[in-house]
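Here subunit A shows up in two complexes: once beside subunit B, once beside subunit C.
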Partner chain A sequence: MGLAKFIEERTHLSQIFQEQMVDYKVPKNLTFPYAFGVLAIIAFTVQIVSGMILLMYYKPYDTLAFDSAALFIWKVIPYGWLFRSIHAAGANFFLAVVYLHMFTGIYYNAYKKPRELVWIMGFIIYFLLLLTALTGYVLPWGQLSYWATEVTVEIPGAVPGVIGETISLLMRGGYTLGNIAIGRFFALHVLILPLILLGVVSIHLFLVRAAGISNPDGKPYDKKKEGVPFHPYVTLKEGAVAMFYLALFFFFVFFYMKEFLPATNWEPANPLQTPAEIAPEWYLKGYYAIFRSIPNKFIGFVTFNLVLALILLLPWLDFSPIRSARRRPLFFAMYIVFIFAGSALTIVGTLQATPEVAKVGLFFTALLFLFFISLPIISFIELGYAKAKGEVDYAKGGEQ
Partner chain B sequence: MSLGNILKTIFFTVFVVGFFFIIWVKNPFVQEQEYPLPAKYRAMIYSDNPQIIAAGRQIVTQQCAACHSLRYDGVYPLSVKSDPNYPMIIKQFAKPIPSDSLLAPFHQKTKGFAMYLPQDVYDAAFASELHTLKTQFGKVPPDLSTMYLARGPEYLFNWVQNPGQIIPGTAMPPILQGQPKEAAEVVAYLRAVDTPTPAEQTRRFEMGVATLAFLIFFGIAIYLYRGRLLDKMGLH
Partner chain C sequence: MEASRRDFMQYVVGAFGAVAAVGAAYPILKSLGPNAAAALQSKVDYDVSQLKPMDVRVTSWKGFPVFVMMLPTPFNWNGPERNNKYKNHNRDILGNHNVYAIIGKCTHLGCIPLWKPDGDSAMNPSNVPVFHCPCHGSIYTPWGDNISGPAPLPLGVPPQTLNGNKLEIGTPGFVKKFWNPYA
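The block that comes next holds the complex of A and B.
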């Protein structure tokens, strides 16, 4: 007890805990999907810890990389198989959780004033995460690593003229993927991007606390009357959810790694032999399907980047004073269209490229844009509705 | 919860689970090429029988290793092995890697360790042999170390018997044509190289079950504790 008292007198930790965790009141009606934020932090921690172990044995060099992963880490180092499985499955789970977190945010309109910055920071995290996944994917230096990266670095080449070629060259580190690319991707993956991510995640969390958590009903609530203490009400609930999430995660780690360590990647990278099917990982397949469906490469490139930009601009596309899909039937309908089109595009990305598949891809791309186009229209209708009902005031700020 | 909310919850749950089932577990829109593998030979491949593995290793070292290497078990092409520098290079550069116990009997001289040459050393030291193989076949025949994981037993079983049927015009000769038993032995050996021993597999399975049991138990415990705590605090 002496030590605890010593630390307490100097840091006032319990006071900080009281202020930040217990006195912090959140709405009582937070639904299950609100846990995805916490799960994303857990997934990030899992990646960092397992990555540290892998970093001790991995060799970023073209002739040694495959053996260091497939022989030493996988077979020789005690429990190396476990940490590689955790890291590989963890990357997929991390992105899955982040996608679900984003779709939850869109459903409850958590990007609206005063939470625009939260949304923008979240988007930056998402983008950096895609880059981290992409750079990490090349490291085992298997056939799929090599060719999926080759496909990805060729995509900016769709920009006509010198610019596209320069970006491709920069990403690839020369005209072929080799040691320079491995070195760059390695440094980005293990140090630069995670470090930036750590900072951006902290800012994201700070902004969530500064702007206050949204609530599923999208109505203002009285914090003193309706709020519940963050600890223990939410911490224990999400703690239990986290345990079940980890149970699901470890089920895949121990019993079903087929999809996360794909068969093709157990062959060493061979620049001379293109495998039958090359496509990016599932979390990029939606964008890839858009890119592939459009006959003109440059327009395809612009289109999928436009989707990214529109996601970033959601707070301004959707200017309706009414929040949460629970109270917005029109938005709810379009949201269903949105998730349907997004998942369908991801699945279209898994199919072989044929003209028919490209047509299906174009159809779902159109549906995806229908959602973005409908947002200002719905907002305009709802603005009129809200004004007629005199509900506009709380759209101009205030805690909700 | 109102009926609408219940319906919404069910819809979104089914949607999310269905989506991840399609992209992670079974994609009904993608037809995978299937290769026949009779039950008798499947049983042989999965038997973990040391005799079958030994027979398979003998075929690999005598026939496949005419052109292929299998570096993770210390098997090198015959031309490489007959290089006068081979013993010296193995002595200087090869690293002993522990063989799984099913393969250990093959490495009695090296006390159960397979002698593994790092890829860069191997490529440089035997450049001329590898170049001869390359001119002969158009490319250096691939290393077989991870082939079981990369191609799976069904594909390999058919491949070693009749490669031309799977990839017409391939440089690989039909070495084991009409010899399914030998083909199964080869695949059983390739499996032994890439799969942990049965004891280790059991241990990993138990580890998995214990981890899941702990997490689920702990999750339920937290949830129950929370209920009691919230009752005491009057927050329920």
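The block that comes next holds the complex of A and C.
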């Protein structure tokens, strides 16, 4: 085709494709969870496109916001209901995929040298994504939107003295959640955070290519002899996984939106009446459970932020030269404890805040910290083991 | 060389990809188009039971200003005709009806003409009812045929039907096709 030749002579796209996608070799044994990264990109794209359509009609003003979403977009704009459903379900799916992607990285120890920067960038993406979800949740201005955000904005108020009050004041732009808060949450959610996210995701992807993709066994391998070309092996495999993801996603969009558009949020926000059950969304419930379990608000605030910090510091907490839970039975056991404690805390976050529930929450918080504390201990044990077997060279990096 | 399995897979996946692209583009493009409320605008009902002869009422259809007219029966109109391709174009469509709607937008540059039931001094003869556009002086017959001034075409005629006391503008009836000189 003449057009293809015209573009080819001026961009050499097929040469770039050959070098970057076909000559680029990856390990033969990449498993299915390695596809969660590409699913995260797809989920991000779905959110951006559906968000662009919603942006044309949503009005960020307290008297207009609810009707613009629940009436105008939902009933008047052709297929408006579809884009709102996609965006609401998509936010939950995006965060679920990102959590699965993080847990995959932890399991295969993909945060170790030379991938520490990848992990740091990934953590920044996770944190910014939580902020994006928070700022977006308030926009429909339903009862849950208003009150869940009110609770979340109050949490930094746990820091005693002027600092805590000032943080909450600066988040809201005033003493109540109103038009100023809607305005700045809208700007953050629609432009500021997505732009920063796009940048950080690009850096994250570059670093993955620069450091090389990890392999599920954690053993060194010779890229040239044992690798397979990225295209067609990984492109087609991830393409197939993406099809399954999209099928599952759109099943929920068309047939089961009840959980993602909860009934309480179809009532317009009433600043004078709190609904019966108020809590942040599931992706924050774990941290919320930790916060609620500790009687002292400030220590609770510090504790759940400590969990975030420990996740960030994983590459340095776990300094064992052996990689991948496949070959580390002690680490694997603690990994199970970590997943179990995290899931249990998320469930505890859904329960009513009674003293018994707080005790249960404290127990699982302790289990969670046990995972992080165990990492240096296990690393020490495995370092001794590896030294005895003469395998310490892994620690120096190299093909991994 | 016969097609390999790989070629077959590429064609099938490509075909499904095209279907997916259309499936994604369709709701996006439809969401940009007119919605149910706009569709309501494309059919306007006007109650003509209160009209008197020589009355002109203004309403709106699809964003155009519309003149709903009632002419007396019988109605003799001896104004001039313009001797061009569109001579009596609107009178041929509407002449047999005493209640009808025409689009009140001048085909010259879009102003709304004024109804002069007692005639206009700019016309010869000056006592026949005409529409006179105040912007540049175009003159139209009661059916919208342009007879004087810079207007190039007769006024638009929306599809319409008379249903008892309701003039349904937008529903094809005694006028089937939309005469649209503004496109």
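To be clear about the criterion, the second predicted complex is superposed on the first by the 400 of 400 C-alpha atoms of A that agree within 3 Å, B and C clash if a C-alpha of one lies under 4 Å from a C-alpha of the other, contacts with A are read in each partner's own complex, and residues count from 1 in each chain.
Here, a contact is a pair of C-beta atoms (placed from the backbone, for glycine too) under 8 Å apart; a residue touches a chain by one contact, two chains touch by 3 or more.
None of these values were measured; they are calculated from a predicted model.
Visitor: Return the chain, subunit B or subunit C, that is in touch with more residues of subunit A.
Guide: B
Visitor: Taking the superposition on A as described, I'd like to know which of subunit B and subunit C A:Y175 touches: first, second, both or neither.
Guide: Neither: A:Y175 stays clear of subunit B and subunit C.
Visitor: Once the shared chain is lined up, is A:I53 touching subunit B (first), subunit C (second), both, or neither of them?
Guide: A:I53: touches subunit C, not subunit B.
Visitor: What is the contact status of A:A263 with respect to subunit B (first) and subunit C (second): first, second, both, or neither?
Guide: In the superposition, A:A263 touches subunit B alone.
Visitor: Considering only the touch criterion stated at the top, classify A:I77 as touching first (subunit B), second (subunit C), both, or neither.
Guide: In the superposition, A:I77 contacts subunit C only.
Visitor: Residue overlap on subunit A between the subunit B contact set and the subunit C contact set?
Guide: Residues 76, 239 of subunit A touch both subunit B and subunit C.
Visitor: Mind listing the subunit C positions that touch subunit A in their complex?
Guide: Of all residues in subunit C, those touching subunit A are 13, 27-28, 30-31, 33, 35-37.
Visitor: Touching residues of subunit B toward subunit A in the complex: what are they?
Guide: Interface residues on the subunit B side: 15-16, 19-20, 22-25, 27, 29-30, 71-72, 97-98, 100, 116, 118-120, 123, 139, 142-143, 145-147, 149-152, 196, 204-205, 207-208, 211-212, 215-216, 218-220, 222-223, 225-226, 229-230, 233, 235.
Visitor: With touch defined as at the start, can you tell me which subunit A residues reach subunit B in the complex?
Guide: It comes out as residues 61, 63-64, 66-67, 70-71, 75-76, 81, 92, 96, 100, 143, 228-229, 232-233, 236-237, 239-244, 246-247, 250-256, 259, 263-264, 266-268, 270, 272-273, 282, 285, 339, 343, 346-347, 350-351.
Visitor: For subunit A, which residues count as touching subunit C in their complex?
Guide: 49, 53, 76-80, 82-83, 239
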